[in-house]
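Handing you a structure now.
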Amino acid sequence: MRHTVKDIATALGLEAAGAVSFEITHAAEPVGAAADALALAMNPAYAEGLSQGAAQVAMLWEGADWQALGLKAAIFAPRPRFAMSGLTQMLDHGLDLVPGVHPTAVIDSTAQIGAHAAIGPFVVINAGVVIGENAQIASHASVGRNSTIGDNCLIHPGVRIGANVRIGDRFIAQAGGVIGADGFSFVTPEKSGVEKARESLGDQGDVANEGAGQAWIRIHSLGGVEIGDDVETGGNVTIDSGTIRATRIGRGTKLDNQVHLGHNVQVGEDCLLCGQVGIAGSTKIGNRVVMGGQCGASDNIFIGDDVVAGGASKIFTKVPAGRVILGSPAVKMETQVEINKSLRRLPRALKQLADLKTAFASLQETVSKTDENK
Amino acid sequence: MRHTVKDIATALGLEAAGAVSFEITHAAEPVGAAADALALAMNPAYAEGLSQGAAQVAMLWEGADWQALGLKAAIFAPRPRFAMSGLTQMLDHGLDLVPGVHPTAVIDSTAQIGAHAAIGPFVVINAGVVIGENAQIASHASVGRNSTIGDNCLIHPGVRIGANVRIGDRFIAQAGGVIGADGFSFVTPEKSGVEKARESLGDQGDVANEGAGQAWIRIHSLGGVEIGDDVETGGNVTIDSGTIRATRIGRGTKLDNQVHLGHNVQVGEDCLLCGQVGIAGSTKIGNRVVMGGQCGASDNIFIGDDVVAGGASKIFTKVPAGRVILGSPAVKMETQVEINKSLRRLPRALKQLADLKTAFASLQETVSKTDENK
Amino acid sequence: MRHTVKDIATALGLEAAGAVSFEITHAAEPVGAAADALALAMNPAYAEGLSQGAAQVAMLWEGADWQALGLKAAIFAPRPRFAMSGLTQMLDHGLDLVPGVHPTAVIDSTAQIGAHAAIGPFVVINAGVVIGENAQIASHASVGRNSTIGDNCLIHPGVRIGANVRIGDRFIAQAGGVIGADGFSFVTPEKSGVEKARESLGDQGDVANEGAGQAWIRIHSLGGVEIGDDVETGGNVTIDSGTIRATRIGRGTKLDNQVHLGHNVQVGEDCLLCGQVGIAGSTKIGNRVVMGGQCGASDNIFIGDDVVAGGASKIFTKVPAGRVILGSPAVKMETQVEINKSLRRLPRALKQLADLKTAFASLQETVSKTDENK
């Protein structure tokens, strides 16, 4: 794939200058860049690297003096990361899947495959499945009974889509994800120690006697998963089916690698859930929520629109819309920052308190004697 | 699949009333339920939803006035979640696997497949494997050398069972799980900085010099995994083989999605380990232990019977039987609740302490002068 | 596989005594060991177990009186875990893969497979891939466009290697890992609430208005992954491709199950990252770093050489070389140990502080009156 500087600038809606018919084959960091690379130096800090590489054209910050940098041509990116989205899309080779169904794929006769779809080797598609137009389903993926996937989806290798999963258009699933697993929902014939501990916040009653002999019995998940348009799921995610209603992920929401959503979870639109986030069953998350890596949320709580949770926050209770939170248990970010500062001073403070108590007792005695001596 | 109200009530051991020969095809939440649904309204709070759907029969709370709710028939569930287990099992379509070995499956000639087993497309079964009767092994799963799986197992797509794994009856594995990976066990020819830090709790010695040049050498895992009857493992779990003895999971224990068990771990019977729980090598967990999502346990510790750990608890030391714990490091739940309350007051308390110290110094001086003035 | 005591001792560079031509078939713990087992009792605490098993030969601690233990022969292991590495390697059956390409594998005509390589059933190898000599690639694995894997690699079933991944020699990948997924990198056309919260540490501005209507747009990952020699990755790990430069893992580094590395992460040499560790994008980790299970590191930070992080440490900021850390946020281990002790005393200390304030006010009044009375 070769692109001229002009074609890139046009596609990205950016200004270009110089020999814009120059062709590049790839993008590279300035240091060590090859002669056919577009060097990326959208920050003046990267400019000096240009002289340590052979790139002749670059993407630069707005207003950069490209000629002084010794370049033949340049593209100017006032919002660098946004420019990167367009550029990397242009240069991505994709999965190299060929339209049509690979001869090794096993497709149920009742499944419907959309026009121009590409189904890779060893794919298994079960009864009643509907796959949209221009779908790309890579090797070893499987799609369960009665599931539907919209147009222009991109399913990486080995993704497991279960039964009754309904997915919108332009869905991207990174490799190894499991979408539509049975929920972790069990019940004992009689009340269990856990239920009692929840009710009494800590006291299990006489669990050792009562609990004995009680086995966990599965509540099956029949509700499937509903996923809106433009959703992406990361590598090795796990998303459980709902019990009766569907587990839902709203339009535009992105899940990073190893995110886990329990059964009946509802995630709103345009959310970002970073790596290893876990959301327990039946919790509801609003729109535009961002959760840093390794965050967790308890079951059956509500997290409002526009909440931002810092990395490793553990959310045990309802969070109002717009709040920025941190910590375990998660509290307002500024509160947690104050708590963290205080914690570092705590061991010394406890020593000071003990000393003060002693000094106070001594002073109290002094005063008492002074008083008596009057 | 169609079921009469009567058949469902009988199967679940529940009372029914009204036109019990009415047939339903599925269960649904009351709002928006279709006319052939069994509406689920086992709590009076859901009753008003019945009028916003077309369901004509429902499962209700004990003693509900089904006729006043405009229903044709009803089933009464005094313990709703337990009723759900029976109902959802009846209505689950399962994996739609056909008994017999799919022509694409690769089965070693020395493997034994039980009667009525269903082996799906692209399954690989290695030498010496024994699979029980009525087994269902879905597409893309693989079973390593000399492993055995009991009767009535249900292996979802893409599960990886390694070598020397012995599994009981009625085992359910959600998609993508890895059972019997090599343990994370390495050694350096000489003592490493980590070993020294463990011994001295923090001081690594002159690691930068000593550690240099030391490579980690694998200790292979030969012990396999032993799993009792009625165990379930979630999507994308990872369970390591033991080194010499087996890693063990007791009868009736359920692991949620993305749970990780290190090598030599022993988990007792009827435990529930929720999403993303991680148990480090050689730790032993008793019976009926429940760990909330994202809990972790250090290696080589013991967690007693009936312990309940709240979500995201990190367990570094032995926990006695029956204790309910929370936090990181995990302590008794009521202790952690007190600590959490105190933490929110801490920044202000440190300010008060500083103020008190100042005031005390001033008072001390006053008293001292008073004393001198006598 | 049968081995004489002498052969094992020679291979491990250890001393042996007694009937060293005795043949064993496997290793076992002393209790219950079979007559053809090598019993492992490298610690005197295990010696009494020998009488509860049928083993006739054992591996013992240095200087043990093997004859008094009733053994026919013994091997002496002054550094037991190091001896275990050699012994378990000798006794490991491996994956039983047969050299050659399995007839079901789908190999692109432009791919190069090294001499004596074994490619298992249902493996997919894409265009431009180079696989080294003696490679073992187990069933259901896939390797993306233009990736290269060195000699003597061992790829367990179902591993997903993406495009542009360059891996050194002797690489071991446990089952289900995803190497070279697209990074979690998105941008909004205008500044998002998250960017603003980062800038102002908590205040999102008028997010609810501004954020509305902004969709996340993907920045594709073109940089691939570079992995040095002697690296191992655990079950179901996820490693993202870099955006422009590669995500890198240095020689000798080992990743445990479910470890997650974001895009552009750089991990040094001889590191150990234990189960479920997560490293956010662009963070750089030095050499010989050890991170306990469930540790996390924020994006764009630097963790120096020889750092040791205790289990569940959450690292938000730069860590200098050689430091041993613990907690969330992670601080020096001895500081965290002090903080943890203080936390348990905190609720009582706050009560004492309140009492002291009251007593102080009372004393202040007394002194004030005494002063006035003079």
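Each chain gets a letter, A, B and C, in the order it is written, and its residues are counted from 1.
Everything that follows uses one rule, which is that a contact is a pair of C-beta atoms (placed from the backbone, for glycine too) under 8 Å apart; a residue touches a chain by one contact, two chains touch by 3 or more.
Which chain is which protein? Per UniProt: A, B, C = UDP-3-O-(3-hydroxymyristoyl)glucosamine N-acyltransferase.
Bear in mind that the values here come from a model prediction, so they are computed numbers and not experimental data.
Taken together, the touching pairs cover every possible pairing of the chains. Different-residue interface: chain A and chain B share under half of the residue numbers found at their contact.
Per the C-alpha superposition, chain B sits rotated 120 degrees relative to chain C, a value rounded to a multiple of 5. Look at where the CA atoms of chain A average out and do the same for chain B: the two points lie 21 Å apart.
Annotation for chain C: residues touching 2 or more other chains are 104, 122, 140, 158, 176, 236, 258, 276, 294, 328, 343, 346, 353, 356, 360, 363, 367, 370.
In the complex of the two chains, the chain B residues touching chain A come out as 26-29, 40, 79, 81-82, 84-85, 88-89, 91-93, 95-96, 102, 104, 120-122, 138-140, 156-158, 172, 174-176, 230, 232, 234-236, 252, 254, 256-258, 270, 272, 274-276, 288, 290, 292-294, 305-306, 308, 311-312, 321-322, 324, 327-328, 332-334, 337, 340, 343-344, 346-347, 350, 353, 356-357, 360, 363-364, 367, 370-371, 374. Interface residues of chain B facing chain C in the complex, by the touch rule stated above, are 104, 106, 122, 124, 126-127, 140, 142, 144-145, 158, 160, 162-163, 176, 178, 181-182, 184, 186-189, 193-194, 197, 201-204, 207-208, 211-212, 214-222, 236, 238, 240, 243-245, 258, 260, 262, 276, 278, 280, 294, 296, 298, 314, 316, 328-329, 331, 335, 338-339, 341-343, 345-346, 349, 352-353, 356, 359-360, 363, 366-367, 370, 373.
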